[in-house]
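Going in written order, the chains are labelled A, B, C and D, and every chain counts its residues from 1.
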Amino acid sequence: MTPTARKPWQSAIAEFTPDGINVRGYDVLNDLVGRIDFGEMVYLLLTGELPKGQEGRMINAVFVAVADHGISPSSTVTRFVQAAGVPIQCSVAAGVMMFGDIHGGAGQELARNVQALVAEAKSSARSFDEVAQDFVAAHKRIDGFGHPQHPEGDPRTRILFELADAYGVAGDHIAMTRALEQALARRARRPIPANIDSAIGAIALDLGLDWRLARALLVIPRTAGLFAHAHEEMTREPGWRQVPMDQIGYDGPPPRQP
Amino acid sequence: MTPTARKPWQSAIAEFTPDGINVRGYDVLNDLVGRIDFGEMVYLLLTGELPKGQEGRMINAVFVAVADHGISPSSTVTRFVQAAGVPIQCSVAAGVMMFGDIHGGAGQELARNVQALVAEAKSSARSFDEVAQDFVAAHKRIDGFGHPQHPEGDPRTRILFELADAYGVAGDHIAMTRALEQALARRARRPIPANIDSAIGAIALDLGLDWRLARALLVIPRTAGLFAHAHEEMTREPGWRQVPMDQIGYDGPPPRQP
Amino acid sequence: MTPTARKPWQSAIAEFTPDGINVRGYDVLNDLVGRIDFGEMVYLLLTGELPKGQEGRMINAVFVAVADHGISPSSTVTRFVQAAGVPIQCSVAAGVMMFGDIHGGAGQELARNVQALVAEAKSSARSFDEVAQDFVAAHKRIDGFGHPQHPEGDPRTRILFELADAYGVAGDHIAMTRALEQALARRARRPIPANIDSAIGAIALDLGLDWRLARALLVIPRTAGLFAHAHEEMTREPGWRQVPMDQIGYDGPPPRQP
Amino acid sequence: MTPTARKPWQSAIAEFTPDGINVRGYDVLNDLVGRIDFGEMVYLLLTGELPKGQEGRMINAVFVAVADHGISPSSTVTRFVQAAGVPIQCSVAAGVMMFGDIHGGAGQELARNVQALVAEAKSSARSFDEVAQDFVAAHKRIDGFGHPQHPEGDPRTRILFELADAYGVAGDHIAMTRALEQALARRARRPIPANIDSAIGAIALDLGLDWRLARALLVIPRTAGLFAHAHEEMTREPGWRQVPMDQIGYDGPPPRQP
């Protein structure tokens, strides 16, 4: 095969075939559908390879853990937008936008940090504990630890880390995250456990995902919850959402004239 | 327990607990994570109950089949928006919006029709074939059949319907969709098979989902593909997308002055 | 000039020139900037022609009237999304999505109705009052009249209709809207005035806009308010929005086990 | 009046009144509609005060200059999304998201820089030229100067700066931007003029806007263009947009089996 020029829309993800579509070289319809589950497919899409071990089970566990979080900031936005009468995929899209740098996206930045700390420990031949302790000493506040709705620790983190051990996917990045938890707890004299965002960041890295994709493991499954909320909003609510007047305050200039 | 007043944000989907969160009454962390897969979790979220049969496997099959479609309208939009330098969940959200009434959402309207046709056949004691033939005779064009990229039939439809048979989830709505395919083929003297949108609509109904949620089975898995495209765009492309000038034409008023 | 083939991206709106850009044939930089105001530019973009009368002033009046509405559904959504830490144009975009068929978009459907009623009156040589009365008699509820926040009538409607008279832009569609108001008031024995959505729909039609663009007159100016809210949210609020737990209720299945 | 507790939705932007709404203390319907134009209203919303000079005219000039840019990245996205069959405000919202850090948003970061450079010159009593030259010497590439579609300089910048002079609103930030242009030109031995993004950033600052709002002056007016494109797409195009197959290339793994 002779090399071909780069096209305006060049991609290594998928290729159309007479039979359908190949993803990362695999014939989706003939070789994947009915044989792998969605967790494995997500792994293939995001890393480029099929799992060699239990990575698919790990992704399923994460996805089940975070598929919904009740009336949370993202479902609130989806429900507000749905109440305005737009197609369901648009209200879900609005909720998806919520997983920004503060809400949910924090894990991505942490994933970047954790990746750097692991590299630092390895290149300097220092222990993870030492490196974590220095990092904590140098930063007053570290995003991704603590959770306003779970002050005593997000139980999802504990369970997912245990499963990562059980499935054999826990590696350096979960280890470093645990080292950070311990360093933070020593400083604060109380537990400040990794919240679900950092847990997902660490798991994403140990699965071999690029840190830029950490929040994918939160957003993909949560779309299921957002669809459920949008549907409930459109079928059970009166079709108009607004903040009650008694929750609104004004503190701008007093009445005046031009 | 005395009945409590309805709250402004009332939901039957999930409930916060000291241990985490219950979804549809089930303790997610202690009873679901690591025990059910994401296909089963989606079924729980969208129908309110855990699968009794192989519904979860069916959802996994659908999700694997549609998780990516290469450079498609939705991934094109996600890549354009990613190239503008926004957070990844925002470019994914823009791609999600694409599953509107034309692209991808067609199946939802078809699901509504198919549901009505099944009800009509049952109430009038007529065969599905008769009802389908009358419906085809009354409509010049039926959305959800045929696909511009797969003129000879979307192979995903055939495979998914076969799996629905194998998993024991195929029911009246897939049967009615097949009856519509045959009636259309008779009229056109060539196959006009159900495209992936209608296939998903029929499967959604046979799984017990409300027709308003049909497109959820397309959008949830596709977010995985959209993340892959957004990531590829940000790591391999030069960071600026625009339509080349030679593809742009102007046919408005000639130059003039106020 | 020989006719040229239609390009993939064909448009009658604007044409690139060596000097910049022509919109609808006019040289923006040399002939429009500094000479027309934004109200006139909006008219040019949406109708294809520069105003011949005071259409630009009318658009300015509408835009000033609706540029902000305080803590409203759209600004609430923008503020929620901004609080999640996304770029400001993304939180504004989420607020823009709110102007759907229920919130704000109602005027578009009404505009379509009003256009049809005017046509009906003219073709049947009946008075606007008769046609409006029949329409009201045939419909239990008519979207676009009444407003939950202004039960006694949206004062914006009255002022804008008065200005439309003063500027000489009021025509058949405002007249028909007033006929509908009177017919509704007779039926309900109390005023049910056109809300701002229908007012804008009627004004849009009398300005010569297609009914599909009615909501543009609401959305374009409101983006100014949404930017102000997003900015205030990011500079004055603590960076995390969520519904307080005491406003959340659960009414799904009681705790159960798989 | 006794001080009141801060409400969950506290704002200094607008206050509901029995008569309608006050914005920044002014009664919109009785004192602003029909008296100020939209440029002045935008100034009021974004700075908190009515213009004292010709700031409103300046905003009108900017808004007319940037209200549309033909088939540009943002209108392309709006048209793609519109072609998928969503409500018009959703396709406009998708286009709005495009004004991110690369496309259009660059001016915001530049505004921040320019603000810092002006402060630096003032505090160190050095000339703007010196400070600009040092900044250019220290940065290989400066966002906001040069434009792929206008290699010889965006003519919009020149015209808008001239108008800023004429209207008496040009101040330190436009001066510093001009100093940067000169320093860049000296280094490159060819003009590298401020593009429209930086021009708007400098104008925003000289108008007294916070740098975080610089892109508002681009996005608010462009929604008018995006509505025009969405409307043209839905009324003149066949309702399906996709990248032609001959523009798509695949360079991932060759066909393989699991």
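We adopt the following convention: a contact is a pair of C-beta atoms (placed from the backbone, for glycine too) under 8 Å apart; a residue touches a chain by one contact, two chains touch by 3 or more.
Predicted model only: the values in this text are computed from it and were never measured.
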item	value
Shortest path length from chain B to chain D (each step joins two touching chains)	1
Rotation angle (°) superposing Cα atoms of chain C on chain D, nearest 5	180
Intercentroid distance (Cα basis), chain D paired with chain C, Å	22
Where chain B and chain C are represented by their mean Cα positions, the distance between them in whole Å	31
Distance from the mean Cα position of chain C to that of chain A, given in whole angstrom	36
Of all residues in chain A, the ones touching two or more other chains	8-16, 32, 36, 70-71, 76, 86-87, 89-90, 93-94, 97-101, 104-105, 149, 243, 248, 250
Arrangement of touching chains [line / ring / star / complete / other]	complete
Residue ranges of chain D in contact with chain A within the complex	4-16, 22, 24-27, 31-32, 35-36, 48, 50, 86-87, 89-90, 243, 245-258
Chain A contact footprint on chain B (complex, rising order)	8-16, 19-21, 23, 28-29, 32-34, 36-39, 41-42, 45-46, 57, 59-61, 63-65, 67-71, 76, 79, 87-90, 92-94, 96-101, 104-105, 149, 155-156, 159-160, 163, 166, 210, 212-213, 215-216, 219-221, 223-225, 227-229, 231-232, 234-236, 244
Interface residues, chain D side, partner chain B - complex	70-73, 76-77, 80-81, 83-86, 90-91, 93-94, 97-105, 148-149, 239-243, 248, 250
